[in-house]
Structure formats: structure tokens, C-alpha cells
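When the chains are written out, they are named A, B, C and D in that same order, and each has its own residue count from 1.
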Amino acid sequence: MDRMTADDVRSMMIAVADRIIASEQLLTKADRDIGDGDHGLGMTRGFTAVRELLLENTYDDVQSVLAGVGDTLITSMGGASGVVFGLLFRAGAQGLLPSDVLTVPIAADHFERSTREISRRGGATIGDKTMLDALHPAVESLRRSSEAGDTLAYAFRGAAIAAGEGTDRSKDLVARFGKAMTLGERSLGFPDAGAVSTTIIFTAMAEWITANNEHPTTSAQGEV
Amino acid sequence: MDRMTADDVRSMMIAVADRIIASEQLLTKADRDIGDGDHGLGMTRGFTAVRELLLENTYDDVQSVLAGVGDTLITSMGGASGVVFGLLFRAGAQGLLPSDVLTVPIAADHFERSTREISRRGGATIGDKTMLDALHPAVESLRRSSEAGDTLAYAFRGAAIAAGEGTDRSKDLVARFGKAMTLGERSLGFPDAGAVSTTIIFTAMAEWITANNEHPTTSAQGEV
Amino acid sequence: MRKFINEPRQVARETLEGFLAVYGDRFTQVPGSLAVAKRIPADKVAIVSGGGSGHEPVWLEYIGPGFADAVCQGDIFAAPAPRSIVRAAKAVERGRGILFVYGNYSGDRLNFDLAAEELQAEGHEVLTVRVADDVAAAPPERANDRRGIAGGFFVSKIAGAASEVGLDLKSVQELATLAADRTRSMGVASAGGTIPGTEEPTFVLPDGKMEIGMGMHGEAGVRRADMATADETVDQMVRLIMGDRSLSPDEKACVLVNGLGATTRAELLIIARRTARVLDQAGIRIHDLQVGDFATSQEMHGFSISVFGLTPELQKLYDAPGRTSFFSGANRH
Amino acid sequence: MRKFINEPRQVARETLEGFLAVYGDRFTQVPGSLAVAKRIPADKVAIVSGGGSGHEPVWLEYIGPGFADAVCQGDIFAAPAPRSIVRAAKAVERGRGILFVYGNYSGDRLNFDLAAEELQAEGHEVLTVRVADDVAAAPPERANDRRGIAGGFFVSKIAGAASEVGLDLKSVQELATLAADRTRSMGVASAGGTIPGTEEPTFVLPDGKMEIGMGMHGEAGVRRADMATADETVDQMVRLIMGDRSLSPDEKACVLVNGLGATTRAELLIIARRTARVLDQAGIRIHDLQVGDFATSQEMHGFSISVFGLTPELQKLYDAPGRTSFFSGANRH
């Protein structure tokens, strides 16, 4: 599969929402270890709203789906992650021309732009023990796949793996940001909660794409 | 020993104070089970003050010792037991002619009058699961000893045993008074904390008298 | 020890010193006792309150314009001794007599009664009002055995206001008694507090249980029940309160939602929301609704609801100016 | 579940409903958001505050005459979303501009900044003051990274008073920034609270330990130490606070002793007593000393101390009338 329709993206994002909602306890615990323990609640709140939105709407272009998801997260979640994960889906879509399909190059562009905007607004960069430590390597992997001409499934699997590795590496980072900041050395050994969420998001996307790789609807609508 | 000097009574009351202070934990626990858990603190506070008083003063008559103890308890303790145990020592001494010795009849008179005053002021009677359930039988035992002409040691040992039995019986009473009142059936199985204190007081008195029975000073001063 | 205190036995004394460190401009310590008195008490009936400490702001902070003139603390959970009470009363008595206002506990009765006798023996006039608002403590036919909990706030407010307008001792006592008679409360708790210096909580409830009718020292209530939602719990408590003394149709009520120590402000507001709703639905007009920690039991987790039925005269007194460290006037009218 | 709540996810909403049940005469809900606005905001700079809920009275109850004009709550420990903030701001904006006052957290910055951009895009003037008073959160050279804790009270008081006297947006912002710059706080805790709907406390300390510099969400502080006496703990905290910003000899200070939730009033008064004493001994003149639960973290057991160094102008604003549900004026002068 080289391209996904807007409706595919919509279905994929519903799967992402389901997976985040199912991970609430895990995310709560991750945030409790070195944060304030509300990350699971917030993500569940946001992605429950996303689920409702996507179930009730249809979309013609990919950017509307992603921006809709982002807007909904920003509006419904609150918290740092409301904006951060909202921007993850919204910022990349803003200012890009609407496209009726998602390809690896478009995905790479989207998430790269989102990453920049998250850094710009939040002031954090890679190594600060935030979700950027998962997002950065995922985006780099997407970029490499884009240049190599990989399939969507291959590209997103690579991104998910890179996100997971980045999350693992975040265990060895001393938090310089957010509520874990003052823990100092004591934040060692724990991954960043937002990085865990980022990995779950990319993993759920990769799995949806893999599972729906040869799906007839996809190929039928995908012929551009 | 048929009589104790005021100074004997003073020494005896110091022993009582030591014993109560050593029982703080026990009393606290008894009061926590079915009360508010402050009985040990209060009794320790009161008898620490009593100890100081008695170590700093000398007395010519028995009633001054006992009234002094009672006043000190009332002044220093607060709480229900401040008044109740204060009256135990003070009320019987008030209005009685000062005597330079304590005999069994005088002791019986003293504690009988104290008991009446505690009932009158506090409104409780035997069976209400208060310290009166220990005090009443102790006083009755003293009265019987007085009529039988028992020695002080024998009389107080009997009173201590009667107090202990009364305390035991208080386990089977449903509280109708004080902070255990609303526990109803749930107060069953636990003795009243004030009854436990009463038993300790009479036991400590009995043991002091027994231990000092043939004490030379006592007999020397005791020849009236 | 997880409390931020110094020597456990000094808690009551140091609490009072802390109160004076904050409010020392307005109040002064009564020498030789754990009591505080207003700096310049007016020529009026002296209102004197007190009781065991450990329930802050009760009774220490029930002092102020339109409230008590002197308050006298005992040690933790222990009524103050007669001598302290006498000293507190004398510090504010100005020839118009003394009214004792305190909670109906064995210990308080015994100590305040001894104090009253001593004062009377010296020629002072002393009358007493005992707060016995806890409907969980005894059935209506034994209402005199009931203990006093957070509803004492209303009695203090009325006694203070009545004294402030210059009424004589008898009238102040009658109005405060009327307020006490028209106040009903009920508490509930799901976890106990710890007396400083002892290591264990005053009571332990099995997980998921609450005690309905819990007293302010951890005394048992009417029954132990499964933990329910805030709304269900409030409904039950209001039913028990109104079952004990229903308000007549033209009667307005003041309501107090009181936290017992560790209850969060959010919980209290959620409880207040439901309390207002069920009372409204029952057609009761709420004249004022107060929410806060008015009477605590260390860091007990729980709350109480108090309902005070007004008469026109009591309403006037309730609305009269009055201020303490935790109250500065009605929230609604 | 040992909390008295209903559906855990409805806690923030029902808390706000409870607040309105009590104070609804004075405030009104902003439709479509967890925000509350003053009923009749005057023609003045609009002060808008907000942040995650679960810290009550922060920020919900920082509204009132001489305080915020609108406050906007997020879910528990989560900053409010931009749309809610925009709605709250618009409900009280009267053409004189909007000042955001909130705590310096990543989440709040991100959301309030988005809201500010949206409002500016619609032609409103918006300026911001972030409270970053917690000296435990970062060293002085990274003061901008510090989080906001109870000292936000002083910033709110000054912002509200400055706006009330009719100053323009820039001046109000400057004064509030000055207040923020002159405020330092430090917290300590010995036991954590629990977010409603989760079962475990936000942090667990080994028995007999305390965290010095604890943040308002259970974030770690400068170090974990053996539990000490209240006096020793206060001495240490005051040392750290004054080490960060010492007061000049002619500077007067306002001091806040804040309870984090389950701390008893007695503990807070004991702490206030010592705080006043060590500051007095250091020659610092205490203009006002406030004690109470001004900024909580559920039923966390602990407290914070905040010191706010006055200038003559700030003192005038501090003494200007101002009232919230938990504050009704200075205790000392």
C-alpha cells in the first residue's frame, strides 16, 4: 500500500483512539512515576472525543482528518499533552495543501512540521525527556523511508520501532522539562509518559496499515 | 497495718502515679477501642502533675493529701476523667474532718462519698459502662472490710480485685454514656477505659500497702 | 510521626501561640490557661466557649466580633479544666453575666459545671447552652444525650449576635438555646485521623466502608455501610436529618457543609451542590449555605451536614455582622 | 474509592456546580467551559486566571472583588483547553484588555498561549504573568523554569487590586510581574493525595520521610529527608527561601502558610508561629500573615511557606479591599 484515502486515515485514527483508551492505566502509571499521574485520564478524554468525532464525520482530504483530530485533542483534553498531541496531528496539516491521499512523503512532511511546532511552542528539544524523544526518531525514520520509497506499512512500522527505541532511551535521560524536572537523578529508569503515548500512537497506526494492507476498499479507493 | 500516716498516703499516691504513667499505652488503647483515644494522655498528664505535687510537699492529714491529689487532677487534666478521677480523691475528702491517719473505715467513707459525688455530677450509675463499674464494687468491698475489721492491706487487695472484676464485667455492658454510647452492641467485648484506670489505681494502692506493711517508719508513725 | 508538630504534648499550647501570632492584634492570651480573649470586650454578656482541642477551628477560632468573647482550649480531645474556664470567663466578664456555649460531652459538662459553680460562688451570673445537634448520637427521646458537632457554629453565631445587640443574659441564653433546638447535624467518614503523639488512627474502617453518623472524635454512628457516591450519601444524610426535625413550609434554613479534616474542597463543593439540590427539591428555602472546615477531627476523611431552621428573629441575628478567622458573613441571601 | 465524589470524570464539573450553588449570587458560569465569571465586571482590565483543577481553592476560587474577574478550570491536574480560556476571557473583557495570571507549567503555558493568540487574532489585547515562585523547582539562574505554587495568591491579589483601581493593562501587568518577582515559596510534604478515579496516591514516601521542596502535584523537591519537627522544618525552609531572595532591611513582607490538603489547622498554626518567630528574629517586618488552605494538592499532607516582599506601592495594593471565598483581608497590619 503506497497511499491511504482520507477514509483510511479516519479508520486508522479510530484504531489509534481505541488503543490509547485501552492503555489508560499504563499511561497513568507512567505519569505517576515521574509526573502528576493524569496523563492516562487526559489521553483517554481526548481520544474518546476523537472517536466520537470520527465516527460521526466523513472526510474528503487527509489534512481535514488529521487537523480535526488535533483540534479535538486541543479542545477536549487540556493539559500539556492536549496541546502537544493536538499539535502532533494539527500543526503538520496546517498550511499544507489538502491531499486526498496520505503517502509516506506526506506523512514525513506532516510529522516533521508538527515536531517543529511542538518544539517551538513548548520550548523542549530532543533529550529533555518529553514525547519529542519518541517523536524525533519516528520522524527521522519516516523521512528515511520517504527517501527510500518504502511502503506505508514499512515506513510506519519503522517509525513505531524508532519511537519505541526513543522511549526506551528516555529512561536514561534526566528530565529537564515538565513535572519530572525537579526529580533530577530520580527520574532515571522511567520512560517519559508522553513518549510512551507517542509509541502507542505510531504502533497502532503501523498495525492498522499492516492489517489493512491488501484491503480491497483501500486499493479500490487508492487508485490515483 | 491498720493505719497509714499522711506521709504513707503521700508515698502510696506517688506509687499510684508511677503506675498510671507506666500504663499510658494500655489506657490509650482501651480508650481508642471504644472512645476517643486520649485517656492515656490525660491520665499521664494528671498523674505527672500529682507526682510533682507530692514530691514537693509534706502533709499533716490524710485528707489534704487526697484532696491535693484530686485538685491537681481536676486542674491539670481536663477531659471527663480529669473531673471524675479528681473527684475520686477530692470529693470524699471534702467535708470530712481532717484525720492524721487513714484507716479502712475512713477509706471506705472517703471512696463512698466520692462515688456518690461522681454519680451526682456525671449522671452515670453502675451499669453504664464507666469507671463507676469498677469503683462501685471496690467501694462495696472496702465497706465490707470496714465492717469485718480487715487490715488495710487486706481491704485494699479486696477492693482491687473487686475493681478488676467490675472492669471485666464492663466488657459485657453496652455503653450508655460518654463517647462509646453510640457504638451500642459494638462496645461489647471491650472494657471501659476509666474502669481499667480505676483498677490500676486500687491495685497500685493495694500493692504499696502490702509491700510496706511491716515497714518500720509506718509502724513508728502509725502508733496513735 | 508524619505530622508537622514539635513535642506532641505541646500541640495545644503551640496551636494557641500560632493563633496569636496570626491574630494577636485582635486577641490576647488569658494568663495561666489555654484561653484567648478579645482585646476590648464591650459592656455586654460575655460569651465563653471551649472544649477539647484537635478540632480546629473549634473552639479556639470561634472568637471574634459577633462570636465568642473568650474561648478556652483543653488538651487534644479533652475538655479544658475548670480553672482555665474560670480564668477565661473572668477575662471578659463585665458585670452582665456569662454564657457558656459548648458541646454536649460528659467531659465538657463536668468541667464547665465545676467552673460555673466556682464563678457563681464568687457572685457571677452564669448560664449554659449545650450544643447537641448530632442526630446520629441518640434517638429523639434522648436528645439530651446527643453530642455536639459542627452545628455549634449556628449556636455560636446566634449567641454572639444576641449578646452584641445588648440583650441580657437570660435572653441571650434563650435565643442560643432556640438556635440549638433548631439545629440538626449528621456526619459520615471513611477514614480516621490520628491524635498527635499516638501512632494509630482513632478508628480503622475496612476498605470501601464508611461510617454513617460518625462523631467528631471517631465515635461510632448509626451504621457502617458500603461507600456510596457523594450524591447517594448526601441524600441519605439529609433524609435522616429532616426525619429528625422537619422544617415547616415557611421556615428558611441555614446549611453548613463541614469538612472533617482531610476532605478536599472539591468534595465539599460537590456535597454542597447536592445538599442544595435536594433541599431545594424538598421545597426548603436555603437562606445561607456555608462550606468549609468549621469543625474537624484531625485529618479525618469525611464531612457533616448541619441544618438550622430560622425564625424571623434568628434570621436577623444570623445576618448581623459577625466574623471569625474562618467566616466573614453569609454567602447567599 | 474512599473519596466522597460521584463519577470521577465529573469531579471538576460538579465542583464548579457546587461553587455556584454556594456563591451563585456573585458569579455565573461561562457557557461551554468550566469557567466562572463575575456577574457584573466593571470597566477595567480583565484578570483571567486558571489551571488544572484538584488544587481548590486554586484557581476556581481566586475570583472576587479585587481578585480575578474570570477563572477557568481544567480537568484534575490538567490545564484548561484554549477554547475554554478564550470563552472565559471574552465573558469579562470590556475593551481594556486581558491579563492572564497563571502558574508556570508546560501545560498551562501551551494552552494559555494558544488562547492568547486566538484572542489577539480577534483584536483583543492580551498580556500574561506567570507565577514561578517555587524556589525548589530550579536554581536562580533558571528561575523561568520554576513552577508556580501557593505564592500565586499574592500575584492574584496585586493584579486584582491594580486592575480595580483602573490602571491600564501594561501597568497592571507590570505590577503583577513585580509581585511575582518578589514572591518566593517552598513546600514540604510527608504523604501524597490521590487523583479521583485513580486508586493510588501520586507519590509514596517511606515512613518517617518527607520531601523538601515538594511541588503541588507531588513533583519531587530538592531532597528527601528524615521527618523533622515542625520548627526544624520551618527553619530550613525559611533559610532556603531567604537564601534565594533576601529581603532588604526596610522591606516589609507578607507571609502565607499554606496547607496542602490534609494538614490540620493546628499544624498550620504551629508552623505559622515558628515562621513568624524566625522572620521576626531575622529582623523582617511581617506586614501580614495568612494561614490556611490557599492552594492544595488533593489530600496531600504537607505545607508551603510563601514570602512576598512589599514595596510601598505593592503594600497599598495589598491592603486595598479584596475578597474571595477563602480570604477577606489582612490579619495584621
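FYI, contacts are C-beta pairs under 8 Å (C-beta built on N, C-alpha and C of every residue); 3 or more make two chains touch, one makes a residue touch a chain.
If you're wondering where the values come from, they're calculated on a predicted model, not measured in any experiment.
In this assembly, the C-alpha centroid of subunit B lies 55 Å from the C-alpha centroid of subunit D. Work out the mean CA point of subunit B and of subunit C, and you get 33 Å between them.
Shared interface positions of subunit B, i.e. residues touching 2 or more other chains, are not present. Taken chain by chain, the contacts run in an open path, each chain touching the next and the two ends left apart. Chain pairs recorded as touching, per the definition above, are A-D, B-C, C-D. Of all the residues in subunit D, the ones that touch subunit A in their complex are 9, 52, 74-84, 105-107, 109-111, 113-114, 136-138, 145, 147, 195, 197-198, 200, 202-203, 213, 215, 217-222.
Residues of subunit C that touch subunit D in their complex: 1-7, 11-12, 14-19, 21-25, 53-54, 56-57, 61, 188, 190-191, 193, 196, 207-208, 227, 229-231, 233, 261-273, 276-277, 289-291, 293, 296, 298-299, 301-303, 323, 325, 328, 331-333.
Contact residues on subunit A toward subunit D in their complex (touch as defined above): 28, 32, 35-38, 41-42, 45, 74-84, 121-122, 124, 177-184, 186.
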